[in-house]
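Presented sequentially are two complexes of chain A, the first with chain B as partner and the second with chain C.
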Partner chain A sequence: MSDRKLDLVIIGGGPAGLAAAAAASEAGVKDLLVIERDRKLGGILNQCIHNGFGLHTFKEELTGPEYADRYIKKTQALGVPFLTDTMVVDLSWDQETGAKFVTAMNKESGLFVIEAKAVILAMGCRERARGALNIPGYRPAGIYSAGTAQYYVNIEGRMPGKEVVILGSGDIGLIMARRMTLEGAKVKVVAELMPYSGGLKRNIVQCLNDFDIPLKLSHTLVDIKGKKRVEGVTIAQVDENRKPIPGTEEYYSCDTLLLSCGLIPENELSLMLGVEMSPVTGGALVNESLETSIPGVYACGNVLHVHDLVDYVSGEADTAGRNAAAFLQGAQTQNDTNVKKETEIKIRTVDGVRYSVPATVRPEHMSDMLTVRFRVGNEYRDKVLAVYFEDEPLMKLPKRIMAPGEMEQIILQKKKLEELAEKALAAGVSAPQITIRVEEKA
Partner chain B sequence: MYDIIIIGAGVTGSAIARELSKRKRKILVLEKESDICEGTSKANSGIAHSGYDAAPGSLKAKLNIRGSRMMEQLSKELDFPYKRNGSLVLCFDEADRGKLEDLLERGRKNGVEGLRIVEREELKSLEPGVSDRAVAALYAPTGGIVCPFGLTYALAENAAVNGVEFQLNTKVETIEKTQEGYRIRTSRGEFVTRFVINAAGVYAADLHNQVCEKKLRITPRKGEYCLMDKQVGGLVTHTLFQLPTALGKGILVTPTVHGNLLTGPTALDVEDPEDVSTTAAGLSEVLTKAAMSVGNLPNKPITSFSGLRAHEAGGDFVIGQAPDAPGFIDAAGIESPGLTCAPAIGEYVAQLLQELDPAPEKEGFIATRKGIPSMALATPEEKDALIREDPAYAHVICRCELVTEGEILNAIRRPLGATTLDGIKRRTRAGMGRCQAGFCSPKTVAILARELGVDESEITKSGDGSQFITGKDKENV
Partner chain C sequence: METRELTCIRCPMGCQIRVELEGGEVKSITGNTCPRGADYAAQEVTNPTRTLTSSVRVRGGDQAAASVKTRTEIPKERMMDIIRAIKEIELTAPVHIGDIVCPDVAGTGVDMIATSNVLTVGDGS
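Up next is the complex of A and B:
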C-alpha cells in the first residue's frame, strides 16, 4: 500500500526537524527523509530576523535565519534528504507490524504514501487566533497574529499597519512591538490579561522598555471598532477573575491589532495517528526517550511543548533523533515485553508546576543525566522548587523568581534513579513517582 | 434598458436571478458590496428548516415547506453542501409541554412531514449528546443543514452562466418611476429598467419607501453566533432548537455541513444596518443558553460573528408587486427561514413576473453547476485525479482546512470569482479553520494579487477600505 519504504520520516523541517535529522543521521540512520510544508527549510526561524538565537548552542548571538542555516548546512553535509513544499495529509500505523504510513502530497509527485519504521513529529506550533479568544467587536481587516505581521514585515517587506495595539505579551508580540517601531509604525500599548508577562524578561526590557512602549498588565481588549479596517480598540483593566472592570475602559485609536496570546502545538497529525496527548501542553505525552504512546513515534520541539528558546528545541530534537536511531537499531522500546513495566516512573507535577517533559522516566533508558523541562502556572518569588522520589527529597532549589513565561528545568541522574527505583520495588511500591512542586522556603 | 434589475446579490436576489434566467430576459443584479453573499446571507444559522415554526397560511410557512422540499434536489443540481440531519426542538420543563404540542399542531397544518414528539428515552437514543434537562422534543426528520455561502454562490454563478449580469460595488442611491419603468441612480452610474426586484435585505424598506406610499418598516435584528472547532463538531448530529423559556427565545446548537459546531443566535433589534459587531454580553448569552441543550458544551470557539435579519414589522415576508408602484416587486422582510425559502422565493417571484410580463423559455438553459472541488473531502483517487489535472491541487495553502492553491485558483477564475480574501474564504474554506488564516492569509493575498494582476497592497478582506497592507517597511521612518 506504500510507494516508498524508509526507516525514518521526520515531519517538519524547522529547527526541531533539522536537529532531529542531524542527530539521527549522525547516529547511523541513513534511510530517512525530512518533509517540510514550506518552500524552504528552517521553519519559523526564517522570519525571526532579530538576533539572540544560539547563545547556548553555539555560544554566539545569531539571527533566526543564521541559526537555521547552521542546521541546514549540517544536515546537508550529512546527506539528509528533504522534500520541501510537501504537505503530510495523513498519518496512521499498523498495530501488528508497527509500520507507520505517512501520506503526503506535492506538485511533483502528487499524493504518495511512505511506509516508515519510525516517525519524528516536529510540526511546530501555531498562534492562538482572535476567534479562540472570543474577543467581541467587529471583524475588520487589520487584525493579525503577531507571527503573520512578522511574516509581512520580515519576509515580504510590507507593513501591515501604521498605528498598532498589541494584545498579549508573548515573545513574538514583544519582538514585533520593537520591529514595527523600527520599521516606522507607532506601537501604542501592549495589553496583557495576566498580572505577569507571557514573554521572556529580556524581551520586555529590550523590546518594550527600550522603546518606551507601555505594558499594561491585567488588561484586556473589550471592543474592536471599525467595519472595514480597524479604527480603534478599547482596553480595560481586569479583576482577579480576569473579568473587565467597568469604568476602566480606555480607547486607543489604531489601524492594527496584533495578537500574541499564546502558542498551540500543531498536533493534527498526532491526533490522526492516535498519540496520547497532554491536556496541559497540547502536545504528546512522552517518556525519557521523547517517545510517544506509539512505539517508534517521537516528538520534539514546539509540537511537543512550546519553548522559549530555540536552543532548547535543538537539544530536545537531538535527543529524539538519537533515540529514534536507537529504536531502529533494535533497542528496546516501552512496548517490548522484556522491559520491566514497573520501572516506569511517572513524574507528578503539583503545587504550581503545570506539566513536565518527559512525563515518565524509565531509568534503564535514560542517559546519565536527563533534563526535565516544565513551566510553572503563576509568578512565584522567593520559593523553592522541590523534587521528590516518593517521599524522599531529591533536590530543593531556591528560586528568586519563577514565571510562566520562563521554562524551568531540573536534571535527574540515572544512577540515583536506578538505586531509588530498585529500593522502591523492594519495598513493594509498584508504581514509584517523582514529584515536582513549588514550596515555601523553609 | 434592462427588463429586470434585481437589487441585492444575497441568497434571495441570487435565487430570483437564477429562476428568472430560465426565460429570455435582459437581467442585471446590482450589489453594493464587492462580492455576492455579503449581507445576511453570509451570517446566519445555515439551517434548512422543516417548516413547523411559521404561522399556518403565512408566506413564510408556504415557502418554507416548498424550499425545504426543493433543497436536496437543488443541492445535487448546483453542487452545494446540504445534509438532511433532522432537527429537534427541546422542551426542558413539563409545564412547557403544551408549547411543544402547539408546535407539532402548527407544523402539521403547514404540511411538515414526519413530525412527532419524542420522549426522553427516545430523544437520548436519537441524540446521545443532548442534555439531561430535556424532557421531550419535537422531532422534525426533514430538517437539514446547508452551507449558506455555497447555496448563494451556486445560485448566483448559475444565474451568471445563464446570462444574468452582475454589477458589484454598486450602491443604489435613488429609484424613480419613469414612463417605461424605473430609473436607478447608483454609485456607479444610472440604469433604466422595466421591472425592479427589491432584494436588498436590511435596506429593502429604504428602497421600497422611495416609490411606494404603503411604507415598509424593516428593523435589523442582530444575532450573535459562536462557531466551535471541528474537534467538537460531532458533539451532536441533529440541529437542537429550544422551546422559548423564561429566559426568552432559545438558541440552537447544530453541526454545520462542514463539521463544525455552531451555537447561536441571540436576537436584538439594532438601529445601524451595518452593525455586525459581537458583544461580550451576546457571546456569553449564546454559550450559557447553548449549555442547556447539550450536556457538556466544550469551550472550543474558533470564531464568533453576528448577522442581521431583516425583520419587517408585519412579521411575514413581503413578496409581490408594490400596490401603488407597478413593476416594483418586493422580496423584503426575508428573515428566518429565508435561507431555506430562497429557492422557493425564486420560483414564486418568477411566477409573478411571468404573469405580469410573460417571456418565452430560453433554449439551452444550463440547469446544473459544478462547485469547487474539495481536496479535504476528496478520496485518494479523486485527489490523484485532481492533481494530475492541475498540480496546484497538491500545493496546500490553508493547512487547517486543507485547501490547496488549485481550489483557490478555481475560486478566482470561476464565474463571479472571488476578488477578496473573504471571498476566497467563503468559497474554499481557506482561513476558516482553527488558525483563522494566520498562516495562509499572506499566501492567499499573494495568489489573489498575481491572478488579478494588482499589487498585494490593493488586496482587501472585503472590498475597498479593508486593505491588509498599509505600505512598505521603513517608508515612514
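Up next is the complex of A and C:
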C-alpha cells in the first residue's frame, strides 16, 4: 500500500527539520527524506530578516535567512535528500508492525504514500487565528496577523498599510512595529492584554522605545471602525479580570490592525497519527529522547513547544535526530515494556511552572546530562526554582526574575537519577516523580 | 544636567537605569543591578549602535525582495539615512547571501550586504 519505503521521514524543512536531518545523517541514517511544503527550505526563518539568531550556536548574530542557510548547506553537504513544494496530508501507523505511513502530495507525483520505520515531526507552528479577536461587528479588510504582514513586507516587498495599530506584544508584533516604521508607516500603539509583554526585553527596547512607539499594557481592543477597510480602532484598559474598564476608551485612526496573539504548534498530523498531546503546549508529550507516545515517532522545534530562540530549536532537533537514528539501529524502543514500566519518571510541573519538555524521563536512555526546558505562567521576582525527586530536593535555584516570555531550563544528571530511581523502586515506589515548582525564598 | 531613563537589555531582569549627563559626559548611573548594566547604559547614552536590517527590491527574481543588513553595527541615529539610501536600490537576480548591495551605505563606512538568496526565475539552481 506504499509507493516507497524509507527508514526515516522528516516532516518540515525549517530549522528543526534540517538540524534533525543533519544529526540523523551524521549518526549513519542514509535512507531518509525531508518533506517541505514550501518552495524553499528554511521555514519561518526565511521571513525573519531581523538579526539576533545563532548567538549560542555560531557565536555571532545572524539574520533568519542566514541562519537557515547554514543548516541548508550542512544538510546538502551530507547529501540529505529533500522534497520541496510537497505537503504531507496524512499520517498513520500500523500498531502490529510499527510501520508509519506518510501520505504526501505535490504537482509532479500527485498523491503518494511513503512507508517509514521512523518519523520526525518538525512542522513548526502557526499564529493564533483571527478568532482570537473576540469582538462583535464587521471584519473589514486591513486586519492581518503579524506573521502574514511580515511575509508581505519581507518576501513580497509590499506594505499592508500606512497607519498601524498592533494588538498583542509578542515578538513578531514588536519586530513588525519596527519593520513597518522603517518602511515609512506610522505605528501608533501596541496594546497588550496582560500586565507584562510576552516579547523579549531586547525587542521592546530596540523595536518600540527606539522609535517612541507606545506600549500599553493591560489594554485590549474594544471596537473596530470601518466596514470595507479598517478606519480606526478603540482600545481600553482592562481590570484584573481582563475586562475593559468603562471610561478608559481611546480611539486611534488607522488603516491596518496587526494581531500578534501568540503561536500554536501545528499538530493536525500528530493528531491524525494519534500521538498523546499536552493540553498546555498544544504539542506532543515526549520522553527524554523526544519520542512521542508512538514508538519511533519524534518531535522537535516549534511543533513540540513554541521557542523564542532558534538555537534551542536546533539543539532539540539534534537530539531528536540522534535518537531516531538510535531507534533505527535498534538501540532503543519504548515498546520494551519492561524498561518502561519500571523506570519511567514523570516530571510534574506545579506552582507556577506550566509544563516541561520532556514530560517523562527514562534514566537508562538519557544522556549523561539532560536539559529540561519549561515556561512559567507569570512574572516572578526573587523566587526559588525548586526541583525534587519525590520528596528529596535535587536543586534550589534562586532566580531574580522569571517571565513567561523567557524559556527556563534545568539540567538533570543521569547518574543521580539512576541512583534515585533504584532507591525509589527498592522502597516500593512504582511511579516515581520529579517535581519542578516556583517557591518563596527560604 | 540632563537625565536619561533606559531599560537594560543585557539580561531578562530589564532594570530601569537612570543616567545623569553633563556636557555629554556621564556623571552617574543608578538603577542597575550589576556592572553589565552600567556598561550598557554608558554605551547607550554616549554611542548607541544597531545592526540595521531591511530589504531591497529585486528584478527578475523568484521573490520580489532580498533581505539585507549592515555588515557591522552603525550609529543608531543614522538608521533613517540608510533606509532612505537603500530605497533607491533595485537589484537584479540572482542575489546571494553576502553580496555587497551598497558599499559604504549613506557614507557610514559600512557596507550593506544581502542576507538571503534570490534566484533568477526559471533557474532551478
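By definition in this document, the second predicted complex is superposed on the first by the 436 of 442 C-alpha atoms of A that agree within 3 Å, B and C clash if a C-alpha of one lies under 4 Å from a C-alpha of the other, contacts with A are read in each partner's own complex, and residues count from 1 in each chain.
In the analysis below, contacts are C-beta pairs under 8 Å (C-beta built on N, C-alpha and C of every residue); 3 or more make two chains touch, one makes a residue touch a chain.
Quick caveat, the model's predicted, so the values are computed rather than measured.
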item	value
Fit-or-clash call for chain B and chain C when the two complexes are aligned on chain A	fit
Touching partner for A:422 - first (chain B), second (chain C), both, neither	neither
First (chain B), second (chain C), both or neither touched by A:110	first
Inter-centroid angle chain B-chain A-chain C after superposition on A [Cα, multiple of 10°]	100
First (chain B), second (chain C), both or neither touched by A:440	neither
Contacts of A:69 with chain B and chain C, given as first, second, both or neither	second
Chain B versus chain C as contact partner of A:201, first or second or both or neither	second
Chain B versus chain C as contact partner of A:89, first or second or both or neither	first
Which of chain B and chain C A:276 touches, first, second, both or neither	neither
Touched partner set for A:153, first chain B, second chain C, both or neither	both
Dominant contact partner of chain A by residue count, chain C or chain B	B
Contacts of A:249 with chain B and chain C, given as first, second, both or neither	neither
Closest approach of chain C to chain B (Cα atoms, Å)	6
Residues of chain A that lie at the interface with chain B and also at the interface with chain C	153, 155-158, 182-183
Footprint of chain B on chain A - complex, ascending	37, 85, 87, 89, 103, 105-111, 126-127, 129-132, 134, 136-142, 144-145, 147-148, 151-153, 155-162, 182-185, 222-224, 227-229, 244, 255-256, 268
Residue ranges of chain A in contact with chain C within the complex	39, 46, 49-51, 61-63, 65-66, 69, 153-158, 179, 182-183, 201-202, 204-206, 209-210, 400-401, 403, 406
Complex contacts: residues of chain C adjacent to chain A	6-7, 9, 12-14, 33, 50-55, 57-58, 62-65, 67, 69, 76, 79-80, 83, 97, 115-117
Parts of chain B lying in touch with chain A, wherever the complex brings them together	226-227, 274, 276-280, 282-283, 300-305, 380, 383-384, 387-388, 391-392, 394-396, 399-400, 402, 434-439, 441-442, 456-457, 460-477
